[in-house]
Amino acid sequence: MGLGGYITQFLFPLLIAAKVTVQVSLGAFMFAIATGLILATFRYLLPIALIRLPIAVFVEIFRNVPSLTHLFIIYFGLAYVGIRFGSISSAIIALGLIGGATLTDVFRAGFEAVHAGQREAALAVGMTPRLAFREIILPQTWRVTLPPIGNYAVQLVKDTSLVAAIAAPEVMFTARNLVVTTFETSIIYAFAAGVYLLLCLPLSRFAKTLEQRMAIPR
Amino acid sequence: MIQFLQTLFDHLPLWGPRLLPAMGNTALITLASFGLALGLAIVFELLRSLRITLLLRPIALALEILRSVPILAVLYLIYFGLPGVGITLSPFASGTIGLGVVYSAYLAEVLRAGIGAMHKGQREAALAVGMTPLMAFRFVILPQAVRTMLAPLLVSLISLMKDSSICALIAVTELMLEARLIMSEYFLPMHIFVLVGLIYFAIAWPMSLFAGYLERRLNHGRRAGAPARKKAVWHRIALRTAAE
Amino acid sequence: MTSTPLLRVTDVHKSFGALDVLRGVSFTVAGGERVAIIGPSGSGKSTCLRAINYLEPPTKGRIELKGSVIGEREVAPGTWRRMSDTELAPQRAQIGMVFQLFYLWPHLTARENVALQPEKVGGLARKEALELADTMLAKVHMSHKAHEYPERLSGGQQQRVAIARALAQKPALLLFDEPTSALDPELVGEVLSVIHELADEGRSMVLVTHEIRFAREVADRVFFMDQGLIVEEGPANDVLTNPQSERLQAFLRQMHRQDRG
């Protein structure tokens, strides 16, 4: 079989499967951003143990257990207790929660990186803490948090490959199926890796650019 | 809830003897691949420090590719793909090599950041008092770099341990695979995966706490120089997410 | 004489752990009065200023602005409770503060820095807030840099914008916390002359400063603080020309030496 044959037979199905990879990535990304931003904001505005403790527990649990374990708990475990999610929904929920924990930490560090004087100046002119957060702190955190968010996005796209383990029809899963029917193992997995490169390289280049631009103090 | 715990405890004597050796394998593959990754990373950084123009770009490209491909794809390529070109490796060897190669790219970044974060003046001061470049590296650069790198290295080790679970998908009999086998035998997915999650947590969390402690101690020592501290904070965030 | 003073500070104490930074400070400031606080570093003068708008809540004591207590609320007769930052906001809006390190908001232009408070706290429409900002920037001679971001401004320019920001909140009282200490020597003059103009307008202000000569020029009264207490106070000329306490004499001699050196 020539290269053209390989491309039509293997690369095209993989590229079509990339749609699911992108779908899961986008869904989990939005889920993670929302979770991280909300939890970090709560933690910042309400510095009491009643709020901080459950958030800390959430963050530590999702950061110290493998993604695959969370994925299996949500897909197999929850089904066992009667809560049934499809493989794609399970993937979005699991990866979204894991990302939410990561980004909670990222945003927290971002808020802390804003000089205390910025908040003082806002309070001194008569802003409430909430207004100071919205108008002064939050707009300044993006500079510090965008690069790690970019890195996280790259990591996320790669982590969607784990979803193959719960039979979501994304790139890795499709690759396995192609292997089973054709036995062209090395070429198919190389193509699969290539598809991820295609998705991740531009993303990581973009993250790198952000990082370099943001690293220069304004 | 009580019933859940009851069932879990009832099965512990059955599962425990199977999970223990699996844990040993997880530890083994984690440490083996971390050693490989660290070795490769040092080689990468040494090659890069030689400043051979011909090598700089290929190395940078290789590291970038490694950071852009999922671990699972690398593992599949090695375990299923290499036999196609006549190289057959055991699951354990495939897993070790795959994880080691992928993580070498992250560790190279950690090494570079650790040495790069140091002020040029440190080396200059060492040379100025009459040290050779080698002495400067040995007595001035390295001790400081180790201090800065300890926390990010530990964070990477934790990540690596978590990612070793992916090796279950190429039939390495580590913790995650054993859990899957147990699940299909006993049909108690919630119990076994929560249990395994707790095991991972019990190992990873203390390490995370220790890494956090190291980071804080390091930043504390730097508090005198505000800009350095700001940079450290920023760097910490970047490394943490990169190593996740 | 019986009318309430603009600001009354009564027996204010502040300690950080075992360290007593303020050990019972009391004074009043009348409407239109300009007060300068001088003293060696570590004497508690900045802490005292920051206690007035409760950025540094006192451990003990009371602050009153126009007769109403700042930062504390009487929940039951005789029982007072600390206000949260949210409850404090309307009170702080009446007190303008200029920081040593300016603390302009880097994500906003000079004009937006000044307009933010009138819009978000004062409730003006954005257009009106920006017009007010332009007026205030003109007052500090910064109209030509209205659309620049703080990073593009010199220290002196930043501090003038910070002063405009404090003016835009239409404060009853202005606090200056060593407004020129962080500036290069050649930039001190422009900031001092702006403060001088404001003093001439008859604004009430409390100014913590190291510039003895400037304090003599603009202040009606001068307080000398040392080790958490007001050691000496009185009309600026008396206190600075004819210091009574040995500590103030020593302090002034030292400042004088630095001035010449």
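Per-chain residue numbering starts at 1, and chain names A, B and C are given in the order in which the chains are listed.
Definition applied: contacts are C-beta pairs under 8 Å (C-beta built on N, C-alpha and C of every residue); 3 or more make two chains touch, one makes a residue touch a chain.
Remember, it's a predicted structure, so these values are computed and weren't measured experimentally.
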Chain nearest the overall C-alpha centroid of the shown protein atoms: A
Remotest chain, chain C as reference, centres from CA atoms: B
Interchain centroid distance [CA atoms averaged], chain A/chain C, Å: 46
Inter-chain centre distance, chain A versus chain B - centres from mean C-alpha coordinates, in Å: 19
For chain B paired with chain C, centre-to-centre distance based on mean C-alpha positions, whole Å: 52
Residues on chain B engaged by chain A in the complex (per definition of touch): 64-65, 67-74, 76-77, 80-85, 158, 162-166, 168-169, 176, 179-180, 183, 187-190, 193-194, 196-197, 200-201, 204-205, 208, 230, 233-234, 236-238, 240-242, 244
Sites on chain A touched by chain C in the complex: 115, 117-118, 120-131, 135-136, 139-140, 218
Residues of chain A defined as touching chain B within the complex: 60-61, 63-70, 72-73, 76-81, 102, 105-106, 109-110, 112-113, 144-145, 147-149, 151-152, 154-155, 158-162, 164-165, 172, 175-176, 179, 184-187, 189-190, 192-193, 196-197, 200-201, 204, 211, 215
Sites on chain C touched by chain A in the complex: 53, 55, 84-86, 88-97, 99, 101, 103-107, 116-117, 120-121, 149, 151, 162, 165-166, 169
